[in-house]
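Labels A, B, C, D and E are assigned to the chains in the order they are written; within every chain, residues are numbered from 1.
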């Protein structure tokens, strides 16, 4: 049986042009990237790499247990830095997020400003914050807490604002329809919708911060990062292995606890 | 009393939601509005509590033109108009009680409501409302643990707690199966009669419209094309409201 | 230029003023904190990188009778800034960092470390034994690897030495015109390894980085040879912030110097920091570093 | 009769939250607060110290302004290098992610064993801080862009696969039912039912990971993997905060631009 | 021919979805299944193409017990059974054409389908199907740009493209307004008659069941409580199917 074929899909030439331009641009970017990047393949697949490999990797997998005590101590400090920092951030980020959410204020400019502010905070590398705080509150984990807090505020603020943008505005409408004012709508209609996600993101951020705070030690802002730098500088790969092991175990435990909590939240 | 005087509404994108509506709804009436998808039923209902604002004409509620209302006045108006939605619009993650007590927000100070400081009366009233729709044992359950019919009953309880003078319901039963829908409509009718609350309901179901309405308003393309007591309505009236035959293409914006 | 700072006397004689720093005309400080904070940036120009300052802090605390808290960091910017804020009182500041710290916050050197019996060290040029490079002139058109452009021995001193030798007026010209290419590889070890791997022709490192590498790369001493050395560079400093009471600073200084006579302490310091002693130091000794830094374009 | 009334009274609520919930909330609050207090003790956090530090903080921030605009000419080449690394790392990890996220999504891969293994592997990768990855790969491959790229690939694979498998678990399974009901096999079902649904997220997550990679390369630079990180480290050591600020501004614009592109792409394909 | 022989189904959580079902559905019949929410209507329908697998009994389709099917056999079975869902189950972000051609996936090799290499026949058939439900001009629109009624018609077109021998429809019209619902049911009936496709439909609407069905099966709590020609069905039959009166509490798991 023969059927009539459908008409061909119509695409305007301007659209065609647009798509081709984009496609060419993307291909060009990839082409330039792969041709310009400076990688010495011979060197990478040389005996040296194999030597290095056999020097580094076996040691990495035979962790130096004699350092367990000090590694663990620093890891615990790292966890507490992350906890205090993430908790502070999870609170400061709330007002920032409402500022940046598109559906909360009638004027687009407010949310744009809010978003820019959050972007600006996120553009600062943790390390720079860490240096500033080491300078202002002195070396020690507190500086790390502050650096983590401010950096996480940028990220959490962004995530929170996305949550707020995705809430069910019909519920808000229902509240408005029975005469609630803005504040009441906020507490009864909006907060209950966003709190579980907020908490869930805050906990998630805590996990991320445990990892992020490993950089802080470089500038004396506490945590395990310091041990990493020293161990690498002395090429003590077995100590790096120990650190890695401790991080993996501790973070995995935190992961499990936090995903357990998050599951119960939503 | 609610009175539409030459009401028109044009949405910002140019769609004509309502066109020269003249309707007067009396105290205690149970009015059902029928019409195709996109006919303007929701727009009609939502004009009354100013969830949308007509662009032309006067809308008189209790002797005042509400189209000029703003801020405080608007909240006062909304406090006396209850509303029920097709998808219940409950805060899914809050408890039933918290959803129901939200009906009293308009009557409660901001601070008190933030700190959950409700008077014994209010709490009692909320509980009473739950009992009236037979759902009191779910008081501390989360709203999303309830079935559709139960959720709609919670939303009725919320409205009861509000003690409104008028009740608007936008397709309150289209997400429910027939027996449950019937039950919900029965509750609405009962409230309408017992508390003498003027009730305006949008419905898709012809049989239910006939069964429950005192008066039926038919809409098509933003206009009122029929308005009369339910007793005078026949199958033919519906055919007229819905357009002669079933249309070739269904209307824009099918609900879902 | 030839350094004059290489005076190996370990005696406790006080032959240099402690409070006449170059940049500071301010009145002496009066602060005498109950808790002394000591910041330590382990010198990367050493074969072992210390991860603790505990033994020092403990002994110091015993002698001074105030609590001493130590903090190790591997990035000196934070240390200098913290000293600038008065959050850290004593800093173990590497050579180049010291001149910057002095410049920014009038931080004053009081002592310097002695390593291998010397209070100065040199930078060396490493080339592969089979490279055929025999003089500095042969370096033209080659690839230069160093740790980091803020490293005194890795970059500043060799750069200036070459600039003077070949009459080049900026480090940019040196890097772009004299050498074919330069690579900053993060550390002295890496610089040497880069040459060992054949990815660069010459590495400038402290003397002698090969000792460190020998354990992991037994062939390093055969395959890499020293082409030359720079002038001596004063060792890293122990510096204090200007707001401290001069009398207290003197106490601190004497406390440190007393370690030189303490057999046990010398051993610890050698084990942990590779220090064999502590020497007095004055700001002028670091003028040579200032001159060199200025020649490289450092705007201090 | 009396009994019934008593029961009624018992049921009559006193407050709008159930006593059970109240107890739980209080308990959680206490635990969180106690942990916080303990961690402030552990981390020597002191609020007065923080408040006292304010003027100095502002002074230091002052040092970042005005940014040195001329420094842009130095930043751009480094940024380009960072871009190369990030593009390659993102592309490769994006491709690698596809099988991983399909295997890790519980609604797509119903085989418990392979599912758990994949999840475990991804979890392990995600626990490793970027700086350790960088340090190890630099140790193996020597200095340069290559170890940086490898580190970024591992780093982004962990994040991307997790984000995507979570998204996969929230897709509308109904169309898949329809595909299966008309006799499509697994691959066809994924291609016709799953891919169109997650394509926008896939693209926007990839761009997000690209952004993360740009930022992560700041850290990588510290250990010798090149790019803007190296510049940042140098300029900090020179105390040239005006240059650092310029660098940050450039990163900021890159982040904003990526976000803009990402939202445009999302608009185009959602 | 489809035959349920002592079919029972217990869900993994212990819910009894079907209980001792014995039903025989003949070629070309148009069967409507009615029952309360949770009665097991969907479970019944989904057993036939093995989207769920009964735990007991035999289900004979075209002379073979399909409960033993697996992999290839199962796909072959499904290829000859079309299915229409309440929520249309279209891939919202794909075009209408892509959704419709998906009906041919079961007849197309994996590689060909991934690279969109359909034969001219298949493409023509898809277009033909779209024309049969009068929606051919939307061919390149994205599915989510269509109204509910239009989406449901696309899903009918998808099934037509599949050229099934049997057609299952699980509440195909409950998301639609009455005239549109009527129109969709008319299309289904038309296909049933013109192509002689055996059709089994779940419905909530009593009036439509009466209007379209050849035969009505009533279910309650997993059991068949009524089975007979539509002509023998009265209002009373429905009351029996739905339980005597409207229940105090609506059933578990109200649809939404």
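Structural remarks
The rule is simple: contacts are C-beta pairs under 8 Å (C-beta built on N, C-alpha and C of every residue); 3 or more make two chains touch, one makes a residue touch a chain.
Remember, it's a predicted structure, so these values are computed and weren't measured experimentally.
Any chain touching chain B that also touches chain D appears here: A, E. Contact with chain A and chain C alike is made by D. Touch-path distance (fewest steps) from chain B to chain C is 2. Chain centres here are means of the Cα atoms, and by that rule the chain farthest away from chain E is C.
Centroid analysis (C-alpha atoms only) places C farthest from chain B.
Between chain C and chain D, the centres computed from C-alpha atoms are 39 Å apart.
Between chain A and chain B, the centres computed from C-alpha atoms are 45 Å apart. Chain C and chain E have centres, each the mean of its CA atoms, that are 81 Å apart. Note: centroid distance chain A to chain D, computed from Cα atoms, is 3 Å.
Residue positions 40, 43, 48, 55, 131-132, 135-138, 140, 218, 235 of chain A are each in touch with at least two other chains. In chain C, the positions touching at least two other chains are 75, 77, 81, 85, 187, 197, 199. Multi-chain contact residues of chain B, defined as those touching 2 or more other chains: 87, 98. The full set of touching chain pairs reads A-B, A-C, A-D, A-E, B-D, B-E, C-D, D-E. Chain contact summary for the complex, chain D toward chain E: residues 172, 174-175, 177-185, 187-189, 191-193, 196-197, 199-200, 269-270. Contacts from chain D toward chain A in the complex involve residues 32, 35-36, 38-40, 42-46, 49-50, 53, 56-57, 60-61, 81, 83-85, 87-88, 91, 123-124, 126-132, 135-136, 139-142, 144-146, 149, 215, 218-219, 222-223, 232, 236, 244, 248-249, 251-252, 255-256, 259. Only residues 75-77, 80-81, 85, 97, 100, 104, 148-150, 183-187, 190, 193-194, 197, 199, 298 of chain C touch chain D when the two sit together in their complex.
The touching residues of chain B, when paired with chain D in their complex, are 95, 97-98, 101, 116, 118, 123-124, 126-127, 136, 139-140. The residues of chain A lying in touch with chain E in their complex are 1-7, 9-10.
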